[in-house]
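The following pair of complexes shares a single chain, chain A, combined with chain B in the former and chain C in the latter.
What follows is the complex of A and B.
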């Protein structure tokens, strides 16, 4: 069926009855395409084109300032897979993302549960609990570096006061900086979980919890059987979002811990390849691997989630 | 030496040409429709007094040339390479910038630079020859003009050394073994202080120690063919020295997380008896330890210890040149501004902003009564004299250069930025990795990185 319609208008009074030529209207698909085109070109220009360029770059030996730009096939990828330090980076990234997301979730839920209780000064405490998320990364990095400085930091001052004369372990040394980074990251990003969980907690019908209390359910059972199931959807989304964020996190890693092997996550490795080693092609290949790993994780995660929901339904 | 056009034609693909052309066409400055000239200047001297000094010079130049507008942008020293690469890729280069000496040949090889003969000629014989030679390239033209210079020095607290009688001072040091013994003794004699503090937080500081110690141990980072050589007996000795410094207690255990500024503070506060530093440190000392007397409590040694395989020590020459990009629409005006910058009165303002860090490239300035009257020069003149001695000795080499011919390699900065050497040191000194294994790993990574860029 044609969507094209023609209309005729009745002759106006006083005219000789000469009907104007029928005006053709554009087909519906045209208007659909026209209205979609801004979004299409935006996605094309801002997402698809850069990814396409990245893919192309990853198959070249492009150099940042030397005139090299030859196709090298899969050499960059093969080189990466053979390089032990690439696998170290993958391991560091998974560890960093996994640990920080796990700790953020546990702490975030605990803090949200506490902040959900009624007590004096709750609003002020909530504000303080959310504050770390509002501080710019550079400030967080500098403040924490100062706090943990082995010679002049608050940490060394504290250790010296408690155990005079002792030499505190250097928490910023290559041996320990990864763990310090995990602590700083958890401190900085847990409020995101707190906000989200707190918002969900406030929508749970209090009468359900009260009924369970009347029935003799303790705090743990109320949490496990009533609160947690209610939180599940938001927690699933948070796991996905936080893992994606932490897996690709660059700023706080770079600013707080630098680019050493202990903290050389895939985003840091990408940066180092491109700006340190001037290898655009190889850096693009690392970025592509990061992208593909994230895609795989997201797909598997969403499929699992979907299947679980189907089964529940 | 890599000269222009040595790369095989096949690699000069259309894409490279396009990106390069885009980079050049979009140079930062512009000649506007009304004929006004706009010049952007990047430099790494972020001290407010230096920024002010350049503002004054710019204001005077603009007053004399009403059609010219100059904008200065101060870039952190460690950020220049990243910013420069991004600008090159984005086609947003400034007209004038400071660059690391290792970059000049790279840019020259790609025909990106404009000769600055007129600027150099305006300095005449007054321009220190050691600085001029670095950027006088094979076609006989000068492609970089050093704005100021300085050398890395062994700076020490004589008062802390005095507490370890018999240990001597850094002036007495001849070998690495001597230095371990001395710094260990100083550590033991001073509660809460270590004989040596290094700045190990930033990759560039670790790179500095590696190439300086290697060069002072008869080693080289690149062989005669320009191939990287890490897995060598001399490098092995460098790493062994580092481990021994750590194990003996001579080196502060905090070294790996100390920034350069931290290391200066450590000396000022008496937590370290010795550091390696440039002249800007005087401001930290005066600010944080005003009671210490320069030349009495804080001294500078004219020498460095030499490794077991070396005959002579080397030190770092910090001598970043101004360069002007060829395809800038205002290249001529940019060069003219540089000539103005180096005019006696203007130049004195520049170096006078941080006189202990920005040593003059004009030999006559050292004898200029106005220069000598600067308070910093009067107080710290002994350090400035020491740096002149080091420059004249011919042992001061730019970053990553273990022998003068290294400057001709266009991939020095790739090794510098790669952190391969930094990882090697960290694995050995902080994680106790086997030295041979760490060197072999580093060699393999460096080969993979640089071999595609070799001539042969």
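What follows is the complex of A and C.
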């Protein structure tokens, strides 16, 4: 007899009209709702309510520091769509997210395949493979700016040795810093792909791979015809999730490259408008653009997730 | 048989080369950070750069503690991250238990809403949160920071904890009821110990989220005495004269708890990522 199934038999307090008996059991949904309520109010208060406030802010000329706040209708959005630097920003963001996700995916699958092999010291190597993901963004940004410093950086020196030009390249200069940022971001976030792919690789039945080996299939054919089809759903999910993640990434972009106008992705543009130009309302409109895109991505992602579950169930 | 062995050894060769490259690329920035923190000023700006130091020097660490409020920033970070972890883990463990044991109409909708919340980017939330916190007087406030990080931890934690709680058979609890335990006792003595790996994973996750965050702290803290480590480090970097041994000493110290936590809970984290992040 399950104690959790009291819902159907529990009498409702209202129908009796008398004080409830002291030992009467509350229905299950009551406990469920009670246990959920702290999480519900926390998420409502700090995530959902702010979204409502964001919508409102985006229709005002709110100032970041002064108590100025009046409705301006769609002015912020119209201004945004007319501003050429907004479209530059959209382009930069798409490039940044697309390039970093593509590179992470290719490298992540390669590294996962490597770490999936059996060899001595594998657990230590795995630590190395995952370590960059754990480092705070500010540390990654500073260490890499120091490594790429044009006069004393170890990597600048290395690049100059491998690829000697007339002048040592300044990898932090406005026209190269975007590419350096892509390298740094790939260094930092590839471990997430490695872990996810590795987890999936471990569920592939090794006997199918062995059978193919016995039948004479080379490493490439085994990967292409057996491993890759198995990885397909994970990779699809990862592309969606990681694109969404990189598209809205703020910390590393801003800390490594985002204080000027060369690498002004949409999150950086949001931050600069609000805390640089003190235009809270206008910055809120940029944040709204990001929010709407996030909602679309998430809906697509959840659709595929549920469809996948139904297929595997 | 011999051809299989030959093929194997050829694969091995690629494997060894790949691993060497991987370790070098992932490890060198850590080495360079630690090395710089110990370099004496005379070696710092030599070109070509020196890849070992002959005279390690703790001057960077010394200046960090003597000329900056590093310890007070560390204290702020510790208080905020610990508070956020405690709140987030307690709240999401209760909710995960509720969702898996007492399904009610709307609990599926709640789960979906949580998934949406999980994908919200910090940059989208921080804009209105700044406005709301300003009006509520929660700027420059430990409690405000704790609540902000805790609610960012909850969606992920709840998502990750649910499979752990679902995997605990209801029969275990029913056996405890037969033995006379009430629901609170059975939850504490039967369910919680079973969910420990999941609870460790979400604790570490939430702690690191708060310990490493830059954006929320930057926006919601303006007083120097309340700064957390990441924004304090960024401000030291933005100072007019960059003292690289000092900056790298601070980076080493910020990283230390992260890497120690990582070493100890690696397997839980990997399990968590596998379970929570993808499916």
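We take it that the second predicted complex is superposed on the first by the 240 of 313 C-alpha atoms of A that agree within 3 Å, B and C clash if a C-alpha of one lies under 4 Å from a C-alpha of the other, contacts with A are read in each partner's own complex, and residues count from 1 in each chain.
The rule is short, and it goes like this: a residue touches a chain if its C-beta (ideal position, glycine included) is under 8 Å from a C-beta of that chain, and two chains touch if they have at least 3 such contacts.
Please read all numbers here as calculations on a predicted model, not as lab measurements.
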Partner chain in contact with A:279 - chain B first, chain C second, else both or neither: first
Which partner reaches more residues of chain A (counting touched residues only), chain B or chain C: C
Touching partner for A:119 - first (chain B), second (chain C), both, neither: second
Partner chain in contact with A:152 - chain B first, chain C second, else both or neither: both
Touching partner for A:174 - first (chain B), second (chain C), both, neither: first
Contact residues of chain A, present in both the chain B and the chain C interface: 62, 64, 151-152, 274-275
Chain A-touching residues of chain B, taken from the complex the two chains share: 7, 10-13, 15-17, 19-20, 81-82, 85-86, 88-89, 106-107, 110, 201-203, 252-254, 256-258, 262, 265-266, 269, 271, 410-411, 413-414, 417-419, 422-423, 426-427, 430-431, 441, 445, 448-449, 452-453
In the complex, chain C residues that touch chain A: 4, 7, 11, 15, 18-19, 22-23, 25-30, 32-33, 36, 44-49, 51, 87, 90-92, 94-95, 97-99, 101-105, 107, 110, 112-117, 119-125, 127-132, 147-148, 150-152, 154-155, 158, 170, 174, 177, 183, 208, 211-215, 219, 230-231, 233-234, 237, 244, 247-248, 251, 254-255, 258-259, 262-263, 266, 270, 273-274, 277-279
Touch list for chain A against partner chain C, complex: 2-4, 7, 28-29, 31-36, 38-40, 42-43, 45-54, 57, 62, 64, 110-111, 114, 117, 119, 125-132, 134-140, 142-144, 146-147, 151-154, 157, 187, 192, 195-196, 198-200, 213, 219, 234, 237-238, 241, 244, 248-251, 254-255, 267, 270-271, 274-275, 280, 283-284, 287, 290-291, 294-295, 297-298, 301-302, 305, 309
Chain B-touching residues of chain A, taken from the complex the two chains share: 61-70, 79, 83-85, 149-152, 167, 170, 172-175, 177, 258-261, 272, 274-279
